[in-house]
Amino acid sequence: MSDGQRLLEIKDLRISFSVGEDTVRAVNGVSLTLDRGEALGVVGESGCGKSVTFSSVMGLLPSPPAVIEGEIVFDGRDVTKLSDRQMRRVRGKDIAMIFQEPMRSLNPVMRIGNQIVEALLLHGAVSRGQVWTRALELLKLVEVPDAPSRLHCYPHQLSGGLRQRIMIAMALASQPRILLADEPTTALDVTIQAQILELLKRVQRETGMSIVIITHDLGVVADIVDNVAVFYAGVIVEKADKYSLFRSPMHPYTIGLLNCIPTLQTKRKRLYVIEGNIPDPARLPIGCAFSPRCAYATERCLTEKPETRECAPGHFCACHLAGQIDPLNP
Amino acid sequence: MEAILKNKFFVIGGGIVLIISLLVLFAPLLTSYDYGAVDLPNKQLPPGAEHIMGTDLYGRDVWCRIIYGGRVSLTVALGSTAVALVVGTMLGALSGYVRGTLDFVLDRVNDVLMAFPMLLFSLVIGVVLGSSMKNMFLSIGIPIIPMFYRIARATAMSVGGRSYVLAARAMGGGRMRVILRHIIPNVLPHTLVILSSAIGGAILAEASLGFLGFGIPQPTPSWGLIANDGKTYMFSHPWTTAFAGAFIALTILGFNLLGDGLRDWLDPKIRTAAKR
Amino acid sequence: MKKTGILALCLAAALCLGALSACSSGNTQGDGAPPSASSPAPSGADSPAADSAKVYYMTTNFEESWWDPALFMQINDVSLAPMIYETLVELQTDGTVAPQLAESWDISDGGLTYTFNLRKGVQWHKGYGEFTSADVKFTLERQTDPAVASVNADNLNIANIAAIECPDEYTVVFKLKAADVDLLTRMSLYYSIIVCKAHSDKDGVASINSDPIGTGPFVYDGGTLGIKTEAVRNTEWWGDFTGNVDRVVSTFMSDTNTIYMAFDKGELHSTGLYDKDKIKEYEDKGYPVVNVPLLQLLYVGVNMQLEPFDNPVVREAFFNAIDVQYFLDNLYYGTESAVGSYVPPSSKYALTDYFKFNYDPERSKQLLAEAGYPDGVEVTLWGASDALGQPPAILTQDQLGKAGFKVNLQCVDFGVFIDQVRNGTAQMWVLYNTTGAIADDTINRYTSKSYPGSNWCGVTDAEYDALVEAGLNAKTEQEKYDSFYAAQRRLMDLQVIYPISTFSVGEVMQKNVSGYKSYGDLGFRLQTVTIG
Amino acid sequence: MAEPFIRIENLTKRFSISAGKRIRKTGFTAVNNVSLNIERGEVFGLVGESGCGKSTLSLLVLRLLEANGGAVYHGDTNILELPRRKMRRIRRDMQIVFQDPYDSLDPRFTLERIMNEPLQIHRWGTGAEREARIDELFAAVSLDKQQLKRYPHQLSGGQRQRLCIARSLALSPGFLVCDEAVSALDVSIQAQILNLLLDLKDEFGLTYLFISHNLAVVKFVSDRIGVMYFGKIVELADTDELFDNVLHPYTAALLSAVPDPDPFSEKKRDILPSGVPSLIDPPGGCAFHPRCKYAGERCARESPELRDAGRGHLVACHRLEC
Amino acid sequence: MSRLLLAVPAMLGVFVVVFFVIRMLPGDSAEAMLGASATDAQIETYRAAHGLDKPAPVQFWIALKNLFRGDLGDSLSHYRPVLSVVLERLPSTIELAAYGIVLGSVFAVILGVVAASFRGRWPDLIITAYSTFGMSLPTFYIGLWILMVFAVKLDVIPVSASAVEGLPRWKTLFGPVLTIVVGGSLVRTTRSAILEILEEDFIRTARAKGVPKALILFRHALGNALIPIITMVGYGLAVSFGGAIVLETVFGRSGVGKLLIDAITVRDYPLVQGTTFVIALFMIVANLLTDVAAGFADPRIRVAGAGEL
């Protein structure tokens, strides 16, 4: 659980790309905070801006195409204003990130050991001497079986699960204070996914670092995080601790999501369905972005963008009808 | 479609090729001279009012020979690369998709073709068939086939595994139908991209053959021949070779830029890189 | 992004500078004096001995093949051959013969016996002993040896030699079956070069091709044909060596531009040029140029067996269609002259004052109309595609075009050209025709027995055949002259060969090269040459 | 019981890989002697982790891949032995929908040409009849007719999958294989497609072979479910029977590993050690024994057969016999 | 290893193709060698002496038998065994091709990397324009200009390198190698290979680790780009060998390329067969080496063993 000491704050972040004539507005005013030791779940469907938001936290978005407005405050400094050289001292040292495709995220022509050592040496976390012993410790930390022989392997010799563990080891190389995990288990089989989720929980517990899990799978979120933020069309539509979010969701989109996913407990023969298509970031509607698909959309929803309000202690929602929708039978 | 017009390589390259093709096409309107008319008394004249690009060692007007020569050089280049493109793509697609013994045989033939230095092969075929313009299609075309064959075969192998091919087979589509409808249309863009550098290569090959004395027979002008005619006086009367060389270089530059533009536009990864 | 990019850029720039400085530093090693008029040791030659020993650099631009004279087609088949080998007698520029390896000779019993008294004390190169009559006998008898596969047996008229006797070491007697008025001239030409018997006995028949042994002023000193061959001065040479050349190096260079650049930089002492513009250019710059007439003739030939040239009227039109004066003025700048018959004047028995060209394109069109081609006749003109063959072909095509002939020019690879003409499938061709010093071959080739084959024009004329036969078997020189003259007049009247001009090579030399003497057999020799 | 719609007997497929330097052919068995029946009108679910051979099985059933052994009976004819021409006619009755909507549509075809292709191959009807048929199909999958002239890359993922379904129904097949048909879609779109598939089944009386690695989706849509591991069927039963009364340890582990979207569930998680063994040198006996906590010495020796443990619940595990 | 076995059919293919193609050339060695003034008798003697009068299949059988005994027959125009003539000139061509390819590749890779790292900005445009232009100029054009500038004007190297005694090696190679380097087309391949790799996911991981731009470029991107580059080098050989023929004419080097051209002109069948055979052997071995090198650069090939599934 978080101890209340603020680590990261994103204030009204807006990110857009210009491709040809139309501009793709990927992030349209996202604000959220992350405290030390907190485990935040970020949920949303493709194109909702969740990955772009946290890529900008890492400064991975090349500035020429991307236009970034708003602030990302980390350690008292606005990261979006840092030069590439200054940002490089933060990246990998204080904030680390792992990605979805373990098959393609490791350099195929470099041995595993060298890639880890490279991470270790980068931020002077360890002197040249004990760099190999530190690498072995990291592999043990992420429970890689017979670690010494693995150091000399190439990525193509390892399974997806092992490669993801190596990615985590590399991320932990210089004890980052935040670990961003973008769809860490999506590409893995369910049994391997379980192993990795357990590992992430244990690592967070042992190192006390805060962790952000970006995923589209509500099951993953329910298991591992403290608070959940639901993204839709570049905006956070609802944010709360996981218990109140799952028991009493307020935003129609969250409600729809929770009901349309088949689970092992689902009995009904037909699924609840959110009609319409995923929003196209290049052509967003004027009012509430969800209005075209919302069963409860009113005239106001079509014209006026809803403000994010704290509808219950610690439970934020961006909907004009927040609190008036019965979550159980939509 | 409009995306491609914004790609600066495509626009510049296309512009150059267009201008040169127009010049060559409307040659009769641009000059009154006859490209074969010998006029020894005023040979080797420097560029001047009378002859914008001067005259060559036989007193023939260089400007006239260059634009008429363009017809020969471009036709030979386009013709030979077209031959290579069609044969290379067809065989490559077939070999890449069908695999098996056909693939083994074609691959070995390709190895044999590749074992010959390109220029030598053109030379031998040119002499055997006689170096008329039509035969140059083969003598320059055949050695370029491996270039297309390799790309077509590799692409056909990857396309063969795609789901829409499996779906077509699941619908009962026969092997020939799949190849004609799905494999070749998806292989062609990849071979088209290297068409431009192949055209450049073909123009160079024609020039080199001329240099070695196996080019198109006189007096039909081609850029390679004009450059070669002026070669002996390259340093005392440089303009004949300079102008011919410039046209060769410009055309190849144009086609290569065209190819770059095409490749950037065709390759979704590069095109969407900015949008990430 | 900025910093690292610039780093990579400086790396690339450094590499280029490094490459450039490496070569410029090469310059400061003092590469010999810049090409000045004095002794232009080639700037690349770092060998210190360059200034004391006089080394003569020359080039050949055609592929040299073998050293065995039995396989030569002309004296300069191998550039150094004329300086290494010698013949019994030497052909003078005026056509008479002078003593060389044979000091004196006399002809007896009606021209059937020739006795040569050989020069004494002449040593073969590289210690292969003294030159004796046995070598002469060996040279002639090896012509029929299949291992040698000589192509010059007919040139030497071996069939007419009954026997060769060597009464002693220094006299050799030829017994002929029938009188041969040109025997002495034959004995002065490339195909009668005397080769060393001892060398062949010791090292085998083929050894002549790897290590040529002669008696001439220069001794072969290694190198490979077609790349670079060298010869060093023969200190014990019997003749008077008036020049000061100690060594001669002949390099194979095929690109004309490279040759001009090498000559301009002083890396070559002389080079043979065909291109009259370039020769004129060097003459204007004050370089000494020696005009060496070749046994060559520029002509346009037609095949009278093939339509339309089977019609004499068309042939007469063809004889009015080419402006020889235009060739002489604009292509050769007056250095060449018109020719009286299809045999070049530098060849023995050439008829010099018979054929007179007249250029009348209108008449030619009129004749063509009479012959049934009112709006011109389609013909294919064949030519060779090398630098030498193209200019005349283009000129001919242009002129014929103005005289009613629609000409499709085919400038092709020499092999293809020869194949067309020999198989009798070529209607018309333009070529520099090479002939022998003695006109026998050239005149004999148009007899009907040689068609198809060397008789490209398809002449099957009984009267011409008879005249040629009479000439070949003539008892006296005068008789041969008369019948050969008549034969040439007959062929010119048939109007199948339209001779345009003689052809010569311009030997351009560095300003400090003097003393060059030209020889009857057109061989290139340096024994009289001095480098200033 | 009526004749089963599709009967698969001892289906086997071996792949050979000549690995680089070693010329000696090494290979592995992707589908190992699988037998199962699919009844008419039924949704047969097939679930398993990646590499267990489920997709290969689907390609074998449709003969898009030549099997090394066994038979597939459609009605009473074994389609594996049919000559090419007869095979073409049978294919009208069996179609497939693939996982990646971006990969299963030829980027160079307009939607109209895509829909027309199956009709052209089998020369079905005249131009007008075809147009009507396409309209009818577009209506069935609720796609907008105006989009016929557009290209696949101009559609969203969900729309493209609807197009694939429409194309597969063009020749009104009786049997449809869905190979991970919804796995690549976003959650909200996934729900729409699942409902659509169920509606189409009822409307056209189709039979489905539904393949997925997502247990929840398979449970929702299937009548009967087979669990595959390492090329073999380890458990097969009616959906409710399987989930209420899990027998095979691997299935149990699978169930426990599925993350439950309910923060209050105290589901104890038993994590399977390590990963699926390498196919190149498979473990002896039961393929699951290295990871099974009940593994006895017999499991390492002998590979268990599928046996009926009552109520049609088949399972392949030695633990239950003794 | 298996590719080596594949080379044998290819070599035989080359031998057969050349044997019959060259015989289709109009005219034969006798006519071409003896020239225009040859009499019929001379041509007959020459043909008989060199066995040209035997029918083609017989000649083919003899040539094939000799081939297996490693004897390529005697050259008609050099009166020496073909093998000795070819081996005498092969080193000069190999030396030229080797230096050309090596220096050309190093130079091109550096330029390619710089162009890729400055994508879209002025260094990229200059380098791309230069490399496209370099590729567009005919080889003899570049060669003659280099000869003019460095040999005549700067007097750094002699014009006819082979004529002069005791010349330092680099001077004999300077002209032709510079021509190959200037005309090299590898720059574009390097640039596009690197651009493609910069889009890969592991580059994003490296940036996430905080790896500086230069290291990403040289260690990660170039490391992976070597594989396509090396294969292109192999392929470039066929093109550059063609270029060598022109280069040898311009720079007066007696290499195998020039030998082959002249052998064809004089229809010296054994020499053409022998030279093409040796060139093809050299090309196939070179292609093989590039494949092995590409394999070496790519661990996925070098270190077998599919990952645990």
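Lettered A, B, C, D and E in written order, each chain numbered from 1.
Quick note on the criterion: contacts are C-beta pairs under 8 Å (C-beta built on N, C-alpha and C of every residue); 3 or more make two chains touch, one makes a residue touch a chain.
Quick caveat, the model's predicted, so the values are computed rather than measured.
Any chain bridging chain C and chain E, meaning touching each of them, is among B; the list is complete.
Contact tally for B-C versus B-E: the pair with more C-beta pairs in contact is B-E. Averaged C-alpha coordinates give centres for chain B and chain E that are 21 Å from one another. Taking each chain's centre as the mean of its C-alpha atoms, chain A lies 32 Å from chain D.
Taking each chain's centre as the mean of its C-alpha atoms, chain A lies 88 Å from chain C. Centre-to-centre spacing of chain A and chain E amounts to 53 Å, using the average Cα coordinate of each chain. Multi-chain contact residues of chain B (touching two or more other chains) are listed as 127, 231, 234-235.
Across the assembly, chain C contributes residues 1, 257, 413, 415-416 that each touch 2 or more other chains. In chain A, the positions touching at least two other chains are 84, 159, 162. Across the complex, chain B meets chain C through its residues 36-38, 40-41, 43-44, 57-58, 127, 130-131, 213-215, 217-219, 231-236.
Against chain A, in their complex, chain D makes its touches with residues 49-50, 156-159, 186-192, 194-195, 198, 213-217, 219-221, 243, 253-265, 269, 271-272, 274-276.
Taken in their complex, chain B has these residues touching chain D: 162-164, 166-174, 177, 181-182, 185-186. For chain A in complex with chain E, the residues that touch the partner chain are 58, 60, 84, 88-93, 96-97, 99, 101, 104-110, 118-119, 122-123, 154, 156-159, 162, 167, 170, 173. Chain B meets chain E in the complex at residues 108-109, 111-112, 114-120, 123-125, 127-128, 150, 197, 200-201, 204-205, 207-208, 211-212, 224, 227, 231, 234-235, 241, 245, 248-253, 256-257, 260, 263, 269-270, 273.
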